[in-house]
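What follows is a single structure, written as structure tokens, with notes after it.
Letters are used for the chains, namely A, B, C, D and E, taken in the order the chains are written, and counting of residues starts over at 1 for each.
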Amino acid sequence: MQNLWIIPALPLLGFLVNGIFGRKMPKLMVSLTAVLSVVLSFAYVLFVLSSAKSLDQPAVEHYFTWIQSGAFNVGFDYQVDKLTAIMLLVVTGIGSLIHIYSTGYMAHEEGYWRFFAYLNLFMFFMLNLVLAANYLLVFVGWEGVGLCSYLLIGFYFTKKSATDAGNKAFIVNRIGDFGVALAMFLIFITFKSLDFHKVFALAPGKPVATLTAIALLLLVGAAGKSAQLPLYVWLPDAMEGPTPVSALIHAATMVTAGVYLCARSSVIFVHSPAAMDTVAMVGLATAVFAAVIGLAQNDIKKVFAYSTVSQLGYMFLGVGVGAFSAGVWHLVTHAFFKALLFLGAGSVIHACHGEQDMRQMGGLRKYAPVTFATLGCASLAIAGFPFTSGFYSKDAILVAAHAHAPWMFWVAVFTAGMTAFYVWRAYFMTFFGKYRGHGHPHESPVSMTGPLVILAALSLAGGFLFNVPEILGKMFQVEAEGAEAATLTYISVAFGLAGIGLAYFLYVVNSALPDKIASSLGGLYTLVYNKFFVDELYDVTVVQPTVNGSRTLLWRGIEHYVIDGVVRGVGANALNIGGVLKHLQSGNIRSYATWVVIGGAVLLILMGVGGFAFAGGVR
Amino acid sequence: MEIFFFLLFAIVALACALNVVLQKHPISSALSLVGVMVSLAVLYLMLGAEFIAMAQVVVYAGAVMVLFIFVIMLLNAGAETRKGGSITAQVLGIPALLAFFAALVFLITTYYPGLSPVKFGDFTGGGAREIGMKLFSSYLLPFEVTSVLILIAIVGAIVLARKELD
Amino acid sequence: MDLNALVHGVPVSWYLVLSAMLFAIGAAGFVLRRNIITVFMCIELMLNAVNLTFIAFSHELKSVHGHIFTFFVMVVAAAEAAVGLAIILTVFKNRSTLNIDEVSTLKN
Amino acid sequence: MPDFITPYLIATLVKTAVLAGALMTTLAYLQWIERKVIAHVQVRMGPSRVGPHGLMQPLADVIKLITKEGVIPADVNVFFYVLAPFLAVFMSLISISVIPFGPPVTVFGYTTNLSLADPNVGILFVLAISSMGVYGVALAGWSSNNKYSLLGGLRSSAQMISYELPMSLAIAAPLLMAGSLSLREIVNSQGGYSFGVLPKWAIFSGPFPQFFSFIIFMISAFAETNRVPFDLPEAENELVAGFHTEYSSMKFASFFMSEYSNMVTICCITTVLFLGGWHPLWPAALGSNFVAPALFALAGALCFLHGLNPARPLDRFTLPVFGLVFFGLAGVFLVPIVVTMFMPVFWFVAKTGFLLFVFIWIRATLPRFRYDQLMSFAWKFLFPVALLNLLLTALMVSLVQ
Amino acid sequence: MNLNLLIAIPALGFLAALFLPKSAARLLALVTTIATFVLSLGLVASYDMAKAGLQFASDVVWIPNPEIHWHVAVDGLSLWLIVLSAFLGPVAVLTSWKAIADRAPQFYAFLLLLEAGLIGVFVAQDLFVYYLFWEIVLVPICLIIGMWGGERRVYASTKFFLYTNAGSVLMLAAIIFLYNKVGSFDYVTVLSALQTGRVHLTGYEETLLFLGFFAAMAIKVPIFPFHTWLPDAYAEAPAGGSVLLAAVMGKMGTYGLVRFCLPMFPNAVRENAGWIVVLAIIGIIYGALVAMVQPNFKRLIAYSSVSHLGFVVLGIFSCTRIGLDGAVYQMVAHGVTTGALFVLASFLFERRASHNISDFGGICKIAPWFTTIFLIASLASIGLPLLNNFVGEFLILQGAAQANFTWAVFASIGVILSACYMLWMVQRVFLGETNDGLAGRFPDLNMREWACLVPLAVLMVWMGVYTQTFLPAIGASNSQILEKMNVPLRVSNPVSGGSVHAR
């Protein structure tokens, strides 16, 4: 019993302390409790992993039965195995780095304590999600992180755009959660339990159709959470939140939850090839689509947001083609360099006093050398420069994709090239050329540059430092990834370098060229720049109809006129029925007389027709 | 023999009844009503209801009709002006009346075809003795109730008819 | 209804037919006439027609009940006549008209 | 002879003829008697011009009334104006038919009772007819389009109706004693004598002697016939001539005729109900049969006595003639078969005659009631007493049985 | 622990409060309601969670010849509802502490009578007594709405009264029909007669009886087409009244369905489950959609409770153990959440006498604690895990999925929509720039308001996390009901095939 509950408990404690007393505590105390709780949790994780005997078999710890109703029995229990371990390390590690970074970044923001409280709450839910031993607890974490992302995106609540983005994020996540919930219902119906070890044990025996259905629903959930194609719209808007939030939540941890879930329920996915293909296809499509949009973005955070979506596409591609460990590996490495990219961008924005538009930046290498250097490492890693962490993980995915379906490899490699191009485009636009903005940028304080340096080291060395596939080797009983085709790696590296070269040529050598190309492409460029109008499309097809439809049709129309109309109608009719009968009492005696006689006649005729039988007749 | 009397008095009764309805002046209709009542009294006699016949004459002809005549005389309202009764009433009324009457006749003839003929002496149950016995034995309650009714009627009539003692 | 049977008595149904006729005439008068008193008299006429039916049936059934009922009808008719005429008197006093149509203040 | 001429028919025809003749003459001469009696009561002569002692006076009146011109005043309701007197007479004449003048008598082997018809609801029939009498008066008053006559007509009909109630209650009492409605039964029930000499008449015999109801009946009889104490309607000083002011000649005569026939009928009914009809005062064994001849003889003697010293010259001849007539009658009544046949009728006529005399006597003496006294007397005094009497009789009758 | 005491105390309070001056009546109301709550806690303490049958029964023959027993008892089903109404008593009194100014004694008296009636409804085990309390409850709430409500209060209260009465009359007819059939009003005898087959109801009779009961309950719950009285009644109800009305009176309908319809007419329930569930699902989605566009704050919460109660009906008519447990749990959970929302609504009204959302905005800046509590309450009503509604909704949907998967799919859409309208409302009311009207006059929560809200918040979290305090009792009684219903393998449903599995 390694009472794993302490890991999430610490951030929860941090949240409670900051949440309740934060207002009155000095900033230092607030940041201290926040950072300390996460760092301690990281330390405890290391302690747990070191003391654990073998993480092959998940050691489930049961604390108390949460919901017990008839056959439905869900306990509040945690487990840890290799996959959880990796995720724990990533979450707590990068989490603590970002906490340190944000003490600097958020130094002179009002509502300082509120930020750290929400951050700690996020850590609690993320850890809960990762450590959970049954689907329901995962779902708790799942929605919890959704809530925290809503709170953090909407941190600057006075700005309507921020609160709109927060709502949008929460609702789109909710649509994802809809998928996960339905998956859980199906799981319980088929497996009579939601615990991982029971479900995965019985999975092989179940009919493929059900498993596919479950897998697809899980995919919907994952797509919602990890911003895959149909439900990715909330991530770019999530940039409204402070940068550390984007780094932590929308790069390193939360968005990876989808991949983690697929990896966790790999047994189900494996047994439903159709689901695997759809995951791959979705991943690939998102990768390509996000990369293309990324090309034309001018806001530095938007560029990195779309690159996250694209890299997540890669991870889903890895999972889809069966290379679960490759996918997870890319997840880990991506966490390192993408966190670095965002934090770098944060410090760039910090340097330019909140300016986010790259066209207003340039030539920052002179003003922020450390950021320039660390951001360089990150760009190299993401572009897949040989021997950097990105190269290893992306290459593993590309090889697996090739083994699965060659055309996938070529599309993936081409997107890799595009990735390299737009990252380096951003790199060159910010650091090369002369400073186009007003004011004078300055280097960020050491509390921000420190984590940058650590992350730079990780993103460079992360590849061979954490060789995830051989750690996770035995977990996913999936066919070996085929021979290490050297030629494929050369091709991918070639594409990467070509991307960097092109970016260098366009943005450093003659910076006027991109504008000319943009104007020549005309319609295509505006289309890409406006993100293929996807947001507007959603707005017109889904949001407006529901809101206006329900206002005019449902509320005014059905509710008011139809149902209420019926109710009011009943009342009104009672009146005019009375009106009709009124005429009978005309006050004219002769009309009464006539009615009497008519009544008598009718009665008589009835008796006649009815026969005097009932009168017994005389005889 | 009986048929002669029956026809005689039936025709008298019908004539007087029509007269009641058709006459313009209420006095004449009142008197024709007296005629109807007396002829009915005779018919009752033929049906063996002596007490009722005499009662009919005493009560109806003797008292009620006198009341009517009193009122008509006192009010002296004169003949009813023949204000153009709505044509439809006429057009509709008469056939409706005939239809109503035809329905009655039809019902009677179909359901009471074989009724026994009426002979004068057949049924002698109508005497005062039988009625008295019956009245004060099985029909005592209705008798008492009607007596109360009459009391009420009298009081009512007096209250209504007397001049305001202003 | 064979005629030779008529020799020794008239079937009761004739009496019923007579009372039907009287009733019909009474009803017609009741409906058509305008003068309250005449209407009143028609009611009396209808009551008499009913009495005749009672008596005819009591003869037919050889029971005295019909008579008693007629007796009660008479009593009630007398009471009704008394009260009715009193009302007519007051109506005439207040409205100085006996035309039934003008006495319709109960109109809604 | 056609089969429908049965002895019954012949007997009835004979009886009707006799009765009609007798009634008409009595009506006429009753008028005469009344004027004579009132005159003598007021110590004056009365009609004596026309015929001996005015005997021909009624004939003269009749001729006068018939020959006079029947004036019909303008805008009078002609039909009813003419109908009224007819109704009055018709109603008053009918009720005489049910009165039993004597026990059943056999003539030529066919026994008939001495009354035109003998319905077993006799008394009710009389009551009915008397209540119908009102119409004549009411209509007369109304149709003659004269305010006084209208008021007179209304008043007299109101009076007749209100007195009808005490009368019927007074009648009900002896009926209880007699136990039947048929007049003949009533008279038979009054036959016989208690304590040997006292006749079982209604006013003497039975569990509760009907003296009071006799008095009540007499009083209401006066009212019914609009006789003196109650003749307010046609009293001269009050309403000119009441309901028959507008009438003349024959119609006027018919009213008079109806008044007198009513009087006769009421007296007959009184004798039937209370005075034992045709039963003699004391049992025949004690010589009740001789009363008739004795009376006639007494009358004859009186005539002769007055004939001797006549007040008027002509009386010397007429009175002895009357005396002879009376003595003849006395002799006839001594003949046994006449006795068996006519003695009961004699007794009946005697009693009725006495009552008529009382009527005339009262008319001569009593003053007239005022209208409200008249009405309140009926409702406030007479009616309750009649009720009380009826209750007592009923009580006694039920106790005795 | 005598249940009659539980009814008697508020009733006596009612009588006493009528004659006291304003502040004394208010104090008395508070003391009585707290006493009742403590008593109900005592009831819970001495309640044997494992036992399924009726407990603390006190059965006295009240009227001999139309055999009516004063039979009150409590079981798993009604236990938590009693505690809920007892718990909300003091909350209601505290919320209307300053809100009710004129004729306050009468208001507090009616509030106590309302509470007595509510507890009575949940403990009554005799059909007649049940109906009696059913009507008693109606009077005070209509008076409260009618006398102290908003501007269109008279319209709202009459409509509410007539609507509910129309339904309850049908139920009365059904009760009387049952009486004629079985010979007694006592529910236990009626139930055993029906179940042991001593009294046999033909299919037609059973359906009619079921519809009779269902009509009254459907209007009370309310279920989709019969809900038009709800927004008016909830929006016009004054402070404390709306809390009790929204939180507990809705449950009378669902409680009635579970207590009477399910056990007494199992076949009719199974036959009609199809269209009723369809109505419930329409209610869920329709309620959510209409809630989204409401300009009035209270109306929005009213429609949200239509949507949430739609879930409860779905749970009940899924006829599965989990669905039923979820439904009963959701009743209590919804009571707490909507109660909290209405408490907060009345506080908002107290501060800025209007319910229109457009009048508010940016409260977070000037009253952060108010916003936090409101956020917790709205998150609970959305059904966020670790808060109370999630457990109920999840169990209901799980049960519905078991009965018929398509039901669960459509119902879950409701979950998404609930997030939409709630968050949109929170954004418009609390976030963004501070509305100029509120600048000076929006104090944060004072002690009294904290006293109302903290217990509610704690209960929300407690019911979300530690469900095992509540579920066993509910589970015990539900299992008993379902066993008797011996639900067949599959519930026939007209909506669509879907993959359906044995329970």
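Please note the rule applied: a residue touches a chain if its C-beta (ideal position, glycine included) is under 8 Å from a C-beta of that chain, and two chains touch if they have at least 3 such contacts.
Source: prediction; values computed, not measured.
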Lowest number of touching-chain links that must be crossed from chain A to chain D: 2
Chain labels contacting chain C and also chain D: B
Chain nearest the overall C-alpha centroid of the shown protein atoms: E
By count of C-beta pairs in contact, the leading pair of chains: B-C
Far-end chain from chain B, centres as C-alpha averages: A
Reference chain C; chain at largest CA-centroid distance: A
Inter-centroid spacing, chain D versus chain B (mean Cα positions, whole Å): 32
Centre-of-Cα separation between chain E and chain C, whole angstrom: 68
Rounded Å distance between chain D and chain E, as computed from the means of their C-alpha atoms: 99
Inter-centroid spacing, chain E versus chain B (mean Cα positions, whole Å): 72
Residues within chain E bordering two or more other chains: none
Sequence positions of chain A contacting 2 or more other chains: 597, 618
Shared-contact residues (touching 2 or more other chains) in chain C: 27, 31, 34, 60
All chain pairs that touch each other: A-B, A-C, A-E, B-C, B-D
Of all residues in chain E, those that touch chain A in their complex: 159, 163, 225, 227-229, 286, 289-290, 292-294, 321-322, 325-326, 362, 364-365, 368, 379, 384-386, 390-391, 394-395, 397-398, 401-402, 405, 408-409, 412-413, 415-416, 419-420, 423-424, 427, 430-433, 465-468, 471-472, 475, 479, 499, 501
Footprint of chain B on chain C - complex, ascending: 1, 5-18, 20-29, 31-35, 37-38, 40-42, 44-45, 48, 51-52, 55-56, 58-60, 62-68, 70-72, 74-83, 85-90, 92, 98-99
In the complex, chain D residues that touch chain B: 77, 79-80, 83, 119-121, 124-125, 127-129, 131-132, 134-135, 138-139, 141-142, 150, 153-154, 157-158, 161, 164, 181
Contact set on chain C toward chain A in their complex: 27, 30-31, 34, 39, 60-61, 100-101, 103-108
Chain C partner contacts - residues on chain A that touch it in the complex: 582-583, 585-590, 593-594, 597, 600, 618
